[in-house]
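The structures come next, written out as structure tokens.
In the two complexes below, subunit A is the common chain; its partner is subunit B in one and subunit C in the other.
Coming up: the complex of A and B.
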């Protein structure tokens, strides 16, 4: 192993180390010095979870070779305040509720601290610009920016110290900004996510993934990889002792590809080794022979006669079909004055939580296999893993680590099984941290969908019938598809009372990246179609878009699409609030003309234009005259 | 993952050149590492092993900048943030602050060097068009019989294509020398997939000077990036504007010319549409930097009706 001697100070303390010069500063801080407040969200300088000060300047430590720290003074989030204390910035983040999943927060706190150190008087635009290198996926930034402004004003004496205190709650928690109990651990960088955890003797896992979308695995030869010094074991589907298969509804997914691969990025084999570097070298020594199979990449093709079959148990490729019927659509369309037809498509979307998937597994002294991971579904995972490992449930344990953003994307047990197998095979703790690229390539996505829509209405805007048919691309495995289709069907026609409807939602297997749970769980795809149809109908009928919705909205006593009688409904208040706060100008979409007063009003966020810092430097004096 | 056997941090140019000439094949010079580290990832270079990495950031001769008459010699270790924060550089290189503010973010700009950007020679590298407008020349040092020898060439000739330059084996780029443009208005236009932290699809740099009356273009310099294998200077449009009365109509007419120079392999129609808008906006913004009023959207629309 190459060596490099390095001396520097971290949070005021001198450090002297002999390191592998391949390390990045982030690795040295996290692995070498156990300073895990700096996180690795992307490893490519895009996200800012790894920001640290070096000689007073904020940098992204994932982009810096560790050797560059030679002789430097480094300050990490752990060094901002003394143990047990918080800086004004950290307190302000706590106060406004700026930390949600918390994974971006140490970096955000560092960026905010840097912005205010560079310019204690920075205005809103400048703060946004200076913090532009840090990404958050939970908050939408509003609370974060609000926190920085509060901290700035407290430090400047424009606001009292008490502005940093968490808001008190009165007699009720409801209607108050209740302080998050876990916020101090997040703003100080102390909260340990799975990837921050270490155990003595811990191994590191790396995963060999399929380059093919659909291929038969002819043979896997792991012997060379196993022979590499520093490798503890290699696991494949052959190591599964029990009934292999997991999934939220159908257990159609093996822990690692079994017999064939069904999407690019599917796990084929995994190596456990003394270091990530050795594990990666070992991956290159695994020989896999594939025989490529014809693949399916479009959900329409999956339904064609003679289409390739992705799963033997499912010869028609249909993962789930949810039909909903109510009333008589023939009669409904016959009663319509206008019938509108259209088609809507939505695309695949990545959750992009800032914490890539990570887990740590070990077998304890009582032979309990334990997996620590940010799983959004630990109880179900535990049951499935017990079957996969052929162990009684009391010998399988799941511990949910803090979830650094999930949004549905961490409901699937896509790596915990491999970790458990390797822990059982080696009896050593083992950790796997996905790279950002792996996370994007292998985790479930929002279902891409196509919806055919037919809506009948009377001239006064009452819906008489809806025919709704949605086809979703489920990708290679079932995951949450069934539930997503159910929700899409239940919510299909929106919060409107429709007497006659025929709704079909269908999800099929393809060789695309699997689709799974994602915020709204199918609701978004359906509502995009329905709400678009309402606007199109308003335009066709010359009605105000709010008005046409009010004429159709569900009320107390209405029957839902699945014929449940409602005791109460809130859509009337939602519409009133949306209309008031958007400053909506009443009228049909067609009558307003080209100028409208409800755009760019107060509360509208202007587009980002960088340069706030020197915009003020531009003189107001007009010296240049441009003739028009 | 990036791995190496040896990481060197020379402090003198001679030492660096010596190490570089001795380094095993496949070794690499490192400045800010903001191109090199992200390259060594899945989907790009994958796992990359470099026998020796020679870090130039501590080399004394490459630090700082020097004003020499009407030229500024920028040492190879000058990072982007300096163009935004150093008052002398802001004054003398008026389109570099706007280029810098659109470049990556405050943190990466503390590391990323202008020279690394030029040597990397991405067709969409943001530093390339402004350096062309500044008549930039790159200085290249090598060892010749143990002595440091240098040669200099225009940056326009140095960059020969995507990722390709005239840098020879054993050479280290030591500086970029550019025109000092005090009194010019500068601007930079950029569009990419998003606003922050993004590589340009198209970018455009401008420098404009007016005569003392404030009504005539005394000098105009324009360059485009992201429109082909390498950035280009728009001399014909500069000639068309120089010495003319500044009218919005003239600027609008000039902006239509460069669309046919888009020679990219992808998104050609999009880039063509963007280029015209960018020329006009770049000149306008440069004039605004000199104190001209910003045209209203209505004025713009009227011109293109």
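Coming up: the complex of A and C.
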């Protein structure tokens, strides 16, 4: 398609550009004008990180063709305040701690600014609704909404300007609510994440991914792709000079599929080209011949005799089994007045950090292969990449770029190896940015789990024995599975002193999307089961849920499930604090919601009422009617 | 029966701080720099939790200056000492303590020179918020002057710190071992409203009480708890990554549903401080533990409201409706 010229204004300055008609407004702002405050979080108008104003209206710039900007007045987060200054909304975000990783924050600031421009008196429900099109994964929204309310009231003169000032310090900085020092760079869109970084002569990488869950790779032919003008190189497993394999506990994952693919979306080959578009074209020219293999999609199936083997080194598909034993389980159950058995399951969960995986690699003047990426574990990545590249460890350098949300999902080295190989092959800088779809389909998830539970108790609510067995789906590669099972086993039976227990956690390979590290690392899956059991037991025994927990809780001197003696255990204090702050009405958990007296009191919100902003508009219409 | 029914549930939890069942370590370098500013270098920091600000507070406290006067050089395997990784609820504990030790050593160098210069016992020296002084005297100077004096005497006030957490491995047969040297505990109460016609569950309030050791930045702690609670809420009620024969079918945010501002309860945080005696700061951590009790508290609350026990997460409207229908059928028999 022919390029054409457009004219528009950005942050008050006239701009003329010749553009490709397929360009999105977001690309034009980020790549064409170096305004990287607007981020790409999903490319589908669902997350709001790319929000800008077009002629004063809040627009998701990933959904707008750049060509439609002809004649428009565009305002980005960079243009809200003069350099070095912040608007009241931005100051309030800084003041309350509304930015954590910061990746969603430019979009949040735009949405908040829009809300207050459209209705400077917007109430809490209306603000929530107006901000509802922007996703944040870090903050739980609480401090964001608090910030918008403060900004609203300061602008309206209901709160003094000093409400935006930092808190004074007493005799110590420890315990002081120091406002986040990185917030100004985040609320103004100035902080550069890996995907915002560019280097002169930089190439762009795109990755060919497996369409099969389990298949042998018969051959890969990259010759046509390599011949395409604008392609600098294609890399495959054949380009790995050293010992190919990474993982947190077992190095079972090759940089790119080697001989076979084990899950849909696994990297098979990668292209480095002058533009993302050329790299994508080249992917279509790579010929891969697959021979499909029977797949495993259920962890129970992985344990059956004759099940397909996912990794040759592991013929029984068991990545790890962690046993924990304490006391005499038979005697414990024999001493029980009641025995409760149940089963629980948790799902696969996506980290959904707003910053998709991105990285930039180059070989520097000292021949050091350098990878800049939002890696949560640069130390271990450096070790593994040195082995993969067969280079001394001081010739491999990892720089951790600002992380736009991690939650464990950026602990695995799933793309840095490809970037390093291409940088070595071309001696040019090269950048890769995942799409949201790639990020969701190809990165590790929270381990889905099934837990069989057996708990024995005396009539007065003392636990006499627990038998706990958890099976997790590790997916195609080991990643953090071993550690996740270990933590699940150690924490399994909760903050209670249990004299007799038998705990087993087991994780198996399947051909599902790999499971890996995710905030709590197995702890929540295990304790979801335990805490459900505690309430089931409390109902059976007619005990208040706090009371049954107190009768079993750990104390200073208690032996944990792994027989570690505790010096202190604040479980008594947190139980007391939660009970007091919630104004909990004591009673056994016998479906007593309809009769309790502690509901809908202080500390609860209004039920979500969709249409809050239209209610305001409706009120205006009523007023007009009355007046006329 | 009323259409919308409310209920409450509670769940408790515990968690270990820093790497599991192994020795954990982190290193840092520090320098009291010209103008009474501070420089700290360490291997790994911010993933959004606020550790950079926390380290500046710790460094400011140890150096005797202000947090905004501290510069952190970080996150580079070729330019900074190893601090291992950003995860395992270890940054405040491991890196916070290593930075405290490094800064303390640097300040010690400066205090040695200052004590000699003023001819006072070094134990009498104090520094805070940009000034150094000797207790019970009128000897006082700015930290900028103190650093200049130290350098005139030929000493650059630098320090390094390495902090160790002594976890042990688990026995392969019975699992006995001491995986962490510090533990935290938490309890959350959830109040929900269940719509018995649509199956939709709204969380109205969460009361979260968490032991974090010494809270270095209470507002930051609250932010971590709020974020953890909402991730727990997402897993409890809506988030569900699904595959069909290994093919992902929830590959965008239109299908993988996340909590938005409209889904959040009022979150009422209580910070409980049970300081860790084995570390200079006394702080422990909160990143991961914040979300452990949320989902079971919500499931227990749903049971309290409508008498159905959801044993398989997430408690989607479809699942809640199916459970209500099953309960009605069961109750009629």
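Heads up, the rule we're going with is that the second predicted complex is superposed on the first by the 603 of 628 C-alpha atoms of A that agree within 3 Å, B and C clash if a C-alpha of one lies under 4 Å from a C-alpha of the other, contacts with A are read in each partner's own complex, and residues count from 1 in each chain.
In this text, a contact is a pair of C-beta atoms (placed from the backbone, for glycine too) under 8 Å apart; a residue touches a chain by one contact, two chains touch by 3 or more.
Just so it is clear, the structure is predicted and the values come from calculations on it, not from any experiment.
Contact with subunit B, but none with subunit C, is seen for A:276 once the two complexes are overlaid on the shared chain. When the two complexes are overlaid on their common chain A, residue A:240 makes contact with neither subunit B nor subunit C. Of the two partner chains placed by the overlay, only subunit C lies in contact with A:545; subunit B stays clear of it. Residue contacts after overlaying the shared chain place A:2 against subunit B, while subunit C stays out of touching range.
By the touch criterion defined above, A:575 lies against subunit C but remains apart from subunit B after alignment on the C-alpha atoms of chain A. In the superposition on chain A, A:423 makes contact with neither subunit B nor subunit C.
In the superposition on chain A, contact of A:57 is made with subunit B only, not with subunit C. Set against each other, subunit B and subunit C differ in how many residues of subunit A they touch, and the higher count belongs to C. Contacts of A:611 after superposition on the shared chain: subunit B is touched, whereas subunit C is not.
In the superposition on chain A, no contact is made by A:10 with either subunit B or subunit C. Within subunit A, the residues touching subunit B in one complex and subunit C in the other are 44, 46, 129, 132-133, 437, 608, 610. Chain contact summary for the complex, subunit B toward subunit A: residues 1-7, 9, 30, 32-34, 37-38, 41-43, 47, 53, 55, 57, 81, 84, 90, 97-98, 101-102, 104-108, 110-111, 185, 195-197, 210, 213-215, 245-249, 287-293, 295, 299.
Remark: subunit A residues 2, 4, 21-22, 24, 43-46, 48, 51, 57-60, 62-65, 67-68, 70, 111, 114, 129-130, 132-133, 276-277, 280, 284, 435, 437-438, 608, 610-611, 613-614, 618-628 touch subunit B in the complex.
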